[in-house]
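Each of the next two complexes has subunit A plus one other chain: subunit B in the first, subunit C in the second.
Coming up: the complex of A and B.
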């Protein structure tokens, strides 16, 4: 079992090393998310009373768009260069490879959110850094990473991957986005944990279901890579 | 002494969509044999090589490598083989050393230092190993790719056109150093090529892939020139 998690970490560590050499992914997506937040801030006239209804949507749509942009770059670079084959040749089960990629994407998105949250707080002059929002961010990010990796790996070898990825991803990610928006809104409205706890439970359950189904699916998808 | 079969391809067919590539293909390669497969472009050599690596699954038939079935024991097969493909299968942003270190993490039983020093010297890569792979030439990447394939100490080596992109010196180095010293009758080799001279230099068995089947197979060294002539006449008729 220790070896299983060690191999997942080796896959992820290699991705991190490659990204640290390039640095392009994190820089591009940070600039993109910053631009999104600024555009939303300029274009939508949000009164203080409607903050808790409008801002959670803006926050999570920004994170979703940024994730899609990052995903396209993250997966296509490896498949375009043919390097993905070398990972498929490793003497490990396909689910290790899948979870390694999910771990990288998860860590990448968490770093991105660490950058986005303060930017969002400053630009909208509203503190969104609360423990329940951080918890929901971690759970939602895990779900987005799992679904993003499976859909991304299915679309990465197609000619229209940039268009296909968000089209396929959005309907699947919708329950995750909805739960994340609901919890963020509830926290900003000052509701108690008991009132939004069901959304956190929903997120945790969908994460577990998606990890199991997608690990199995990835093995099937990669059969004739 | 009965020689064991290392690779058995039994009645294998493979298509991509409506395009059949291999039709009821049979092949047996004995342990420690160096089997060279000749075939024109698009004949299915790469498809066959990828079927042996478990990257592809056969539509029909079975592939057995060292007693393991490619459908049921694909992980075990991947631990036994080394693969040299058309692409270098190396990360351009990392150095050669970092690439090898990463891939060897998944083979805990190998002596990395010993293999590294031995192979980098044989393949004349010692001076390039710390450089980023993206900065290496095509031929240097190919040699590094061969080194990567051998780092795990495989018992079966699958080489898909390993001579492609190599200059005459590098090909001679493969013939004079790599095959006699590294392969040295201990490893089963399945190799595809277009280069008749290279094929003659390394083969201990030979065949031609034509119309999705392997034909004109021989293990008789005296018949190799006939197989080469057949292959060349097939190419001329295509042109």
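Coming up: the complex of A and C.
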């Protein structure tokens, strides 16, 4: 069992090392998300009273767009260099490979959120760094990473990968996005934990369901890669 | 599965024409909503067929991944295509009904939200198969997506129910719950209409399946 997680970490570590050498993915996506936040701030006239209704949407749509952009870049780099084929030759089960990729994407998005949240707080003059929001961000990020990895691994071998990924991904992560937006809004409105607790439970259950189903299905995807 | 298609076509055409006649000529006109209420006889059967065929997609996806028999993929594709068409009819007919009755074309009611997200998921299901680099890969990828999408539907429904409870209803029409008060003749026509449209779509499913098999023979 210990070995299982160690292998997952090794797969992820390889991507992290590559990224640390080039640093292009993180820089590109951070700048993109920053631009997104600025454009939203300029185009939507947000008054202080409507913050709790408008801001969560802006935050999560930005994170979703950035995740799609980063995922496309990350996966096409893997497929274009033929790296994926080499990884498939490894004598490990495919779900380890899947969970390794999920870990990379998860860590990448968490770092991105660590950068976006303070930027958000500064630009909108509103503190969004609260423990429930961080908890929900971790859960939602996990869900987006799981679904993003499996959908991305399929779309990256089609001819229209950049366009197809968001089309397929958005309806699937709809409940995750909704839960994240609702919890963020509730916290900003100052509601109690009991009022948005159900959303966190929904997120946790969704994550567990999709981790199990997707790591099984990923094996099937890779057999026909 | 060899059908003498003309024979079946005539029978099904008769069933559907009779259904149209029932709806237009014999169905009682609702007192308050008037003729627009008759959309119900198209809307509900199409919704039912949509759900049924997406369930077929789910079954076909599982069976394809287990057996790797390409005929399951044809079945999944045929079901997905017809499901998307009927769900689109359901969404559009619902909007036409909602405008005079609720006063808006669209509201983010849980059922409407779920239908729309479901429609988007299955359009994606068809797109992924179409854009895959080879048919075998398309079949596997689409099956994987077919399973994920089906599992996602109840989660989407749950989320949209909770979502609506925190937001104020846009329009509370006086007739919002009116569908519950169907008379006996209305109930009968609705059941008959559901039967007619299900039969029609099953026929289309078989024809699409045969066409897909023929396409494969030619290529």
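We take it that the second predicted complex is superposed on the first by the 225 of 225 C-alpha atoms of A that agree within 3 Å, B and C clash if a C-alpha of one lies under 4 Å from a C-alpha of the other, contacts with A are read in each partner's own complex, and residues count from 1 in each chain.
Following the convention adopted for this analysis, a contact is a pair of C-beta atoms (placed from the backbone, for glycine too) under 8 Å apart; a residue touches a chain by one contact, two chains touch by 3 or more.
No experiment lies behind these values; they were computed from the predicted model shown.
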Partner chain in contact with A:223 - subunit B first, subunit C second, else both or neither
both
Between subunit B (first) and subunit C (second), which does A:83 come into contact with in this model arrangement: first, second, both, or neither?
first
Touch check for A:198: first (subunit B), second (subunit C), both, or neither?
second
Tell me which partner A:50 touches in the superposition: subunit B (first), subunit C (second), both or neither.
neither
In the overlaid three-chain picture, which partner chain does A:206 touch, first (subunit B) or second (subunit C), both, or neither?
second
Under the stated touch criterion, which partner chain does A:92 make contact with: subunit B (first), subunit C (second), both, or neither?
first
So, A:18: does it touch subunit B (first), subunit C (second), both, or neither?
first
Using the touch criterion from the header, give the chain among subunit B and subunit C with more contacted residues in subunit A.
C
Is A:121 contacted by the first partner subunit B, the second partner subunit C, both or neither?
neither
Check whether A:155 is in contact with subunit B, with subunit C, with both or with neither, and answer first, second, both or neither.
second
Which residues would you name on subunit A as touching subunit B in one complex and subunit C in the other?
223-225
Given the complex, residues on subunit A that touch subunit C span 147, 150-151, 154-155, 157-160, 164, 167-168, 170-172, 174-175, 178-179, 182, 186, 198-199, 202, 206, 209-210, 213-214, 217, 220-221, 223-225
Given the complex, residues on subunit C that touch subunit A span 65, 117-118, 120-121, 123-124, 127-128, 131-133, 136-137, 140-141, 143-145, 147-149, 151-152, 155-156, 158-160, 162-163, 166
Would you mind writing out the residues of subunit B in touch with subunit A in their complex?
53, 55-57, 75-76, 78-79, 81, 83, 85-87, 89-94, 98, 102-103, 105-108, 132
Where on subunit A does subunit B make contact in their complex?
3, 7, 10, 14, 17-18, 21-22, 81-83, 85-86, 88-93, 223-225
